[in-house]
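We just call them A, B, C, D and E in the order they show up, numbering each chain from 1.
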Amino acid sequence: MNQQASVLFDAPGPRAQKVHLIITIIGWVLLIAAVAGVLWGLRDELTPAKLLPFADPMAWTGYLLPGLGATLAAAATSVVTAIILGVLLGCGRLSGIKIIRIVCGLFVEFFRAVPVLLMMVFSWYFFIFVLRVPSAWQSFAGVVVGLTFYNGSVIAELIRSGVHSLPKGQSEAGLAVGLTPSQVLTSIQLPQAITAMLPSLVSQLVVILKDTALGSLIVYSDVLKQATELSTWKGNLIATFIVVALIFIVVNYALTSFAQWLERRLRARGARPRPATAPPTAPGLPTV
Amino acid sequence: VSDEAADGGTAGGDGDSITIGIKFDQPGLGLREGSEYTGFDVEVAKYVAKELGYEGDKVVFKESVSAQRETLIESGQVKLIFATYSINDARKQKVSFGGPYFIAGQDLLVAADNTDITGPESLNGKKLCSVAGSTPAQNIKEKFAQQVDLQEYDTYSKCVQELSAGSVDAVTTDNVILAGFAAQPQYAGKLKVVGAPFTEERYGVGLKKGDTELCGKVNSAITKMIDSGDWQKAIDKTVGPSGFKVATATNPPKPDAGS
Amino acid sequence: MGKFGQMMAQFDLLHAFWVTIQLSVLGALGALVIGTVVAIMRVSPVRSLQLFGAGYVNIIRNTPLTLLLFFCWFGLRISSGIQLGLPSDPTQVLSLRWAIIAVAVYHASFVAEAIRSGVNTVPQGQAEAARAIGLGFFDSLRHVVLPQAFRGAVAPLGNVLIALIKNTTVAATIGLYEAAYTMKGMIEFYPQLLYVTFALIALGFIILTLPTGIFFTSMSRKVAVQR
Amino acid sequence: MTDSVSDPSVAEPGRTDAEADATPIPSHVDTSAAPLVDIVGVNKHFGDLHVLQDINLSVSKGEVVVVLGPSGSGKSTLCRTINRLETIDNGRISIDGVPLPEEGRALARLRADVGMVFQSFNLFAHKTIVENVTLGPIKVRGKSNAEARQHAMDLLERVGVANQADKYPAQLSGGQQQRVAIARALAMDPKVMLFDEPTSALDPEMVQEVLDVMVGLAKQGMTMIVVTHEMGFARKAADRVVFMSDGQIVEEDEPDAFFTNPQSTRAQDFLGKILSH
Amino acid sequence: MTDSVSDPSVAEPGRTDAEADATPIPSHVDTSAAPLVDIVGVNKHFGDLHVLQDINLSVSKGEVVVVLGPSGSGKSTLCRTINRLETIDNGRISIDGVPLPEEGRALARLRADVGMVFQSFNLFAHKTIVENVTLGPIKVRGKSNAEARQHAMDLLERVGVANQADKYPAQLSGGQQQRVAIARALAMDPKVMLFDEPTSALDPEMVQEVLDVMVGLAKQGMTMIVVTHEMGFARKAADRVVFMSDGQIVEEDEPDAFFTNPQSTRAQDFLGKILSH
């Protein structure tokens, strides 16, 4: 963040620092006022009676934790299936055979254009009315299928753009030592593309996790649905939603932080010891 | 959900336990409270199960949301369904019904101090809440009050939340469901059922199509429950606190086997 | 075919998509405005504004849109009584307004990230060169950095818009009669027309998103800064 | 400043009589007045790295100083501190007697007086060549469009790219872009010009055209601080060579003396590597 | 090939007796057999741009050819057509008597016989130094890991970076990376080595270490085609200089003759620009 920030402006001098301090104080006052205003508005929803249920272990062991477990289970399954589908589709789009490229391309474009919710609802009914799978699996399958097709397409695009964003020199160097194009793809391009896109892949995981919340619309017993049940029992809808939002923020923030940590680690391995050197494409030519 | 572990081909019954489908999110009828289940549907289900020879932890409850009820029965995942399941001809093509064990009617839930809503005709210009895709709301709009402003959600609890905050004027669905919400401690004294039902919903017990033997057992169990007075006790315990009075003209109903 | 005609008569699909379009367009405008403000905070020299911007993005991006919408609708509207219009306004009008708010607030975090990634496409040397000829902070921002940053942001903004159009389906949960809501009703009442229904709605969304994607891709090529 | 670039190959007069043991003072360099750029006891760290260690350097009006040294020795950083693109930890830098302002308008005004030419040109990619040159004069000096354009065209003429005025930077060769960058800096009528490896991103046959412009500038009395590895330029145009290594100024001398007889082993080593091929 | 790099500064024998009007044939160059690289009537377009115009060039076993020319003249393209990283429109290229296969395994096998060193090194960023060198031998030549590693370490020793074997490319200096790239190419036991401006992305003090390795190779009789602007290398190691301009080979000559007495005006012009600074 600061790396980026330094692009735009000078290091602040003493006067700028004073101005910044004033803005900071005003900003905090406004923020605190806004938060206080909302809390005041919600004072009837955040009464002890409506918050106390969360002190009851049953709220957690009977509702929120199983719900979170179901959310994580659906997300984890979808991640695995989406990665498998995504790698297949991504390789398909990079294939040397035109018809495979086209078919995979159409598939990817279609599922990127259709809302996940639509896919979920459709596949849910499909599992109920057409395949007649056991009811315990209907919602789960609906959620996983919806998430897999969409995120698989997104991952396919990530892989494709990851491969395309590699310097051309990498594949040319591979060809030049005598590797065949498919060897170049598997031993040079894919490993690097996947490393390069790992952070985006983890961010996609956050998307998957958030989108499992749509599962409650097809009665998947995820954390949102469990929370709805809990709030029906306790009559504290708003308080419950706030708790669920906090759960999502914490879990997703942990994932995002993991992604950033991963990115830093990967970057550290490839870091140049001297960042100020000219990029390899800029020729620096000594003569005489 | 913990109790869905009992799923599978044989889970419906015949073993040493029986799986029964109920609603999990309808106070007064079928509500999960942690690991307990409460409500009138649950009381009747437990009574019938006991008559069939299952008691205590031999009875496994499974959530059955409206859209999944037929498949649950057809695939044998549940033996019986007590889930505000109105008997009608379309459904009879797929499942058989025992009962009815209750005759409900569509009604309105309003704030306790509300006096200007007395029935569906008085809803013109008012905000009415119901669940998405349900017939009750369409019913009112088409038959009674064209000018009603409909708000729809996926669960009734959201409607009730809106009503208690005053941002809708009425909630509509079967009177007994409404009474269940009004009977919840957190809404005590704040909401009331108008008490002028304008349809008839016969709640049946869903079971496998053509299983007349089971149907007969269910019906005699229900009859016994009514005759013994346990039926009335169950009503008083579950929806009674709302002040809701069962229409005695129709209730308790007479189970007409094989209906 | 008879069933199909009956279904089309019962459900006003065109109106449903019209609601989707309204929600998309207005939500997108809102997201652009809020997102630009947040992006400016994130690249501003003031540390607390950077933190606020980062906090906004981190909190909003990690919350499911469904929950955000519930919070706006049940929390802000119903419980804390913030009104967008008269309480007597039709529910469809109110839910559309609140859906616009939620969609805008949610996607603003993505817009902010898109703009920031646009700023990232501007090489550091550009801003340094601007400063080196004596341009101040705002002048170098206005004449050198932002014009290039916006061009770099066109493609990611396009992606956000497409996501936004699709995410409007979430408004079904507060009972807004848009495309996804209508589809759920159609399937529930006409399960035998499952495929037709899905194909119809999917087609509708493809008609909305595909040209958007093509437009933004070609735009981003056209305005791209040659380096 | 409005003369055209004259024959750059003619050697500078008045340079060969300098002694080898002291920094020579050519006749055209004005040392009677205060130094134009005065750097005193400057230190700078990047994290743990001490990139500038107690640097002292003063450059008189009209003087051309070439800064040499291995990669990573701090040459660019030194150059960038002079117009505060990098802050310093301590020490003092003044331009024409005025200490570097810390921020705001005063800093911007001072920067306008210090022209800077980067290794990677850094022309504004979304503006045409002539707009690149006029942006500063219009926004900073408040000149009228017409006046700024007239002056810009003169400068572009002078660096030999007037015929490209309405193209975009990406349409020009590297050598042309770098000459435009010089014109852009000159358009502000700077008191001193900083060059950070201005030719090292160029194709070899374009190096000369840029060096020619720089030699021309030097001959017209521009004060210049030039980081470069072009020994030819140093020999031809520099009044003084400053050799840096590991963040320190290790050696300063008149060019001929430095190249033929470097004092420090680090300089000897460096020159050995650079000149052998 | 397994000798270590010997003193590169010793001049090549048997070169000065060549006549200026014909391409000289040094004694170590074997012209009796068919040429190792034979390019006949090759044309290549990029869209409307005719980048290679009827190119004829043959390189004998053991010969070192330096290709010179202004930017954009087609030097890189020529180099890249020799292992078919660029396709050609028409004409014929053969290596050691075998015409270039168009695709598939045959092409890959032929490429393995042609070593290539790029301007920007292009080491595989996700593999360590030694893995970079062993990848080809293992995957293409089917060597065992141990054998490939042994050979790789020998080569890394020879180019002077054996102590860096387990680092990643990004942790090495440019000069070290380029030497690894040379070792990677050598690991395939190539018949001919192509170098496309191998030193022009390097910091100046690292140029020499790479040139030293190349001179060493040349002296051991490797057949080499080198695009470079390093005149020192051309003088020291080249048997022949080929000058390209606008997609054509304009002039070919022995290095001394070419540098002292270029025939075409284009070459004169180019040398004027390159050598003057």
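Points worth noting:
Assume a residue touches a chain if its C-beta (ideal position, glycine included) is under 8 Å from a C-beta of that chain, and two chains touch if they have at least 3 such contacts.
Keep in mind that this is a model prediction, so the values were computed, not measured.
When chain centres are taken as C-alpha averages, the shortest distance to the whole-protein C-alpha average belongs to A. Counting C-beta pairs in contact across C-D and across A-D gives the higher total for C-D. As a whole-number value, the distance joining the C-alpha centres of subunit D and subunit E reads 36 Å. Taking the mean of the C-alpha atoms as each chain's centre, subunit A and subunit B sit 40 Å apart. For the pair subunit B and subunit D, the distance between mean C-alpha positions equals 86 Å. Averaged Cα coordinates give subunit A a centre that lies 46 Å from the centre of subunit E.
Multi-chain contact residues of subunit D (touching two or more other chains) are listed as 71, 104, 120, 203-204, 207, 229-230, 232, 274, 277. Subunit A has residues 10, 12, 16, 217, 237, 277-278, 282-288 in contact with two or more other chains. Multi-chain contact residues of subunit C (touching two or more other chains): 74, 79, 131, 172-173, 184. Which chains touch which is summed up as A-B, A-C, A-D, A-E, B-C, C-D, D-E. Subunit D meets subunit A in the complex at residues 71-72, 76, 84, 87, 101-104, 107, 119-120, 197, 200-204, 207, 229-232, 274-275, 277.
Those residues of subunit C that touch subunit B in the complex are listed here as 74, 77-79, 87, 90-91, 95, 172-175, 181, 184-185, 188-189.
Remark: subunit A residues 167, 169-170, 172-180, 183, 187-188, 191-192, 195, 269-273, 277-278, 280-288 touch subunit E in the complex. Of all residues in subunit B, only 1-2, 4, 7-8, 24-27, 31-35, 62-65, 67-68, 71-72, 74-75, 77, 154-155, 157-158, 161, 184-187 touch subunit A in the complex they form. Of all residues in subunit A, those touching subunit B in their complex are 49, 58, 62-63, 66, 128, 132, 134-136, 138, 217, 219, 221, 228-229, 231-237.
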